[in-house]
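Going by the order they are written in, the chains are A, B, C and D; count residues from 1 in each one.
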Amino acid sequence: MSDTLDLAAGWLSTDDLLAARGTLPILYVEAIPVRVDAAGRITAVGLLLRARPDGTVSRAVVAGRVLYRERIRDALIRHLEKDLGAVALPRLPVSIAPFTVVEYFPDPSVSGFHDPRQHAVALAYVVPVDGDCVPSQSAIDLAWLTPQEATSEAVLAEFSGGQDRLIRLAMAHGGQLP
Amino acid sequence: MSDTLDLAAGWLSTDDLLAARGTLPILYVEAIPVRVDAAGRITAVGLLLRARPDGTVSRAVVAGRVLYRERIRDALIRHLEKDLGAVALPRLPVSIAPFTVVEYFPDPSVSGFHDPRQHAVALAYVVPVDGDCVPSQSAIDLAWLTPQEATSEAVLAEFSGGQDRLIRLAMAHGGQLP
Amino acid sequence: MSDTLDLAAGWLSTDDLLAARGTLPILYVEAIPVRVDAAGRITAVGLLLRARPDGTVSRAVVAGRVLYRERIRDALIRHLEKDLGAVALPRLPVSIAPFTVVEYFPDPSVSGFHDPRQHAVALAYVVPVDGDCVPSQSAIDLAWLTPQEATSEAVLAEFSGGQDRLIRLAMAHGGQLP
Amino acid sequence: MSDTLDLAAGWLSTDDLLAARGTLPILYVEAIPVRVDAAGRITAVGLLLRARPDGTVSRAVVAGRVLYRERIRDALIRHLEKDLGAVALPRLPVSIAPFTVVEYFPDPSVSGFHDPRQHAVALAYVVPVDGDCVPSQSAIDLAWLTPQEATSEAVLAEFSGGQDRLIRLAMAHGGQLP
């Protein structure tokens, strides 16, 4: 998960964020961008390639913090634009209820979802995007894979922090778990 | 609920359908068409005005039978096109799980949802539509109301069969119950 | 899916049911019985072992038709009692919306879910059961497996009609997809 | 929403919590306790009566913060025990996905949900409870009302912060919106 642009927005200094991260769960939104056909079936999943703090590269979904006084829908739109560009045309679901809630802990054994920096709780959504997507500066690449490809052993091995499981939960939500 | 076009499709004769209606629950899909803003919030609800068999007129949502060997998503698209025209551009949800299931009985006291002709079980969806909507021959009119208007006492009184409750459940699903 | 007891109830003769099966989608409910811990996490999945019409044996979930004028909750309770006994103490969810809808077709290539006898549409629920479960006459055995065991390759291979996928969707719904 | 016991737990000093409240959204869980019949239908809703900081009294649901390194299910159990006693026997849902997400803002005009102290984001669940419930020291009373009573104008007027709307959304989720 990347906070680069959040910090640039200046609502919380780096020091304050580090302090909060040691004392409170931090609220995130996560979006799995998908292409759908005319009947709403998922035909492709958009996966980002990101450099991680330790120098390795991993697959990732769209993700970021919810800011103070920011609505969840606005946070989702902001992070989708940040990661996919301004003309991705995301289609947020009618209901704000996430399809799942992902709990990331500094200790990888608690939930299987792991974030060494913090306890983060992410509201997760599957979001169809209609427009052109261009990965932003914080991502190296964006690849569109079929649900079968995205849930293959080889691709799942390229995620970190347990997000391979998130991808499979998202495909199950869309009825596309092979 | 209207089956005019279903019958025209000829997959079941009128006699056979009448027989089945006395012995089995009949599977329907129902769609509440909505307009949404860029962040996915419902801004308007599309309500049809239909003539009923008894000569009265009532508000209604998009609805119809699922045919033999027809997929649910295809039934939804077919009925949306039948009631709203071919360029409504409906956006079916990623998940096939309906937001609620509506059980219509010949006896109005069983569930509060009433269909004098049959026991019908409807999978209900809230469906954003992007395109131009023109009510088909089976509908007298299509009106776009705000969630506040659609759930006002005056408008709710214009539904029949308990569908006023369906509208309120749909708005609750979208977080738009005033 | 077994209709033995449904037919015994006599609401539809075998001939009429066979006729309806060739002309209409037939409405089913399916329940995946689970044991949960004090915090609601799935600890075990109850899988039936059933003899199939072709003489083979396969794993199965609780399933059966919704009868004419029967409510969905009542059909669920009836089939849970039929398959697990009268003291299983099932806990139906607060919302009647199923976690998924399973579409079985005579042609296995349509949806991946297959029923050679009919087009069946099943509303699927994950149902915690608290009491003692004894498999009924229509089942050979009932086994309680952990989510890991239930989604292992070996166990998934023992299902038929695509229900291995239903088990994985149910575990995903409960956040227990390994 | 009450944090008395949270603070007693000492994971965050009052000063630190006040500081965090001015800079980050704070994660909460909320539970609407219900009694259900054997088929899972809501028969009664448990509403707390709480003294508010300004000296007035208002109806309330079970609510509280998620602590650092605490799982959501554990936070729900902790707050249900805190508000309803140790033998309430809550039955958390199989899926961790909340039925809705409630966004409380210091400014009441943003979402209609209002908390003068903070920006709080609450994951909301409807939770059947089987055991005896005794309101804790932080609540004045606990009353069990039918869904009809709980959604009557008179009772809804006794909530604050917009929680009357939460009650109606919860009843809609359970199909019990009159």
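By our rule, contacts are C-beta pairs under 8 Å (C-beta built on N, C-alpha and C of every residue); 3 or more make two chains touch, one makes a residue touch a chain.
Treat the numbers as computed from the prediction; the structure is a model and nothing was measured.
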item: Of A-D and B-D, pair with higher C-beta contact tally; value: A-D
item: Turn needed to bring chain A onto chain B - CA fit, degrees, nearest 5; value: 180
item: Proportion of interface numbers common to chain B and chain C (over half same, under half different); value: same
item: Whole-Å gap separating chain A and chain B, where each centre is the average of the chain's CA atoms; value: 34
item: Gap in Å, rounded to a whole number, between the CA centres of chain D and chain A; value: 28
item: Inter-centroid spacing, chain D versus chain B (mean Cα positions, whole Å); value: 34
item: In chain B, residues with contacts to at least two other chains; value: 71, 95-96, 99-100, 173, 175
item: Contacting residues of chain D [partner chain A, same complex]; value: 11-12, 16, 20, 22-27, 66-72, 95-101, 103, 105-107, 110-111, 119, 121, 123
item: Residue ranges of chain B in contact with chain D within the complex; value: 100, 165, 168-169, 172-173, 175, 177
item: Residues of chain C that touch chain D when the two form their complex; value: 34, 36, 38-42, 71, 73-74, 76-77, 91-96, 99, 126, 128, 173-175
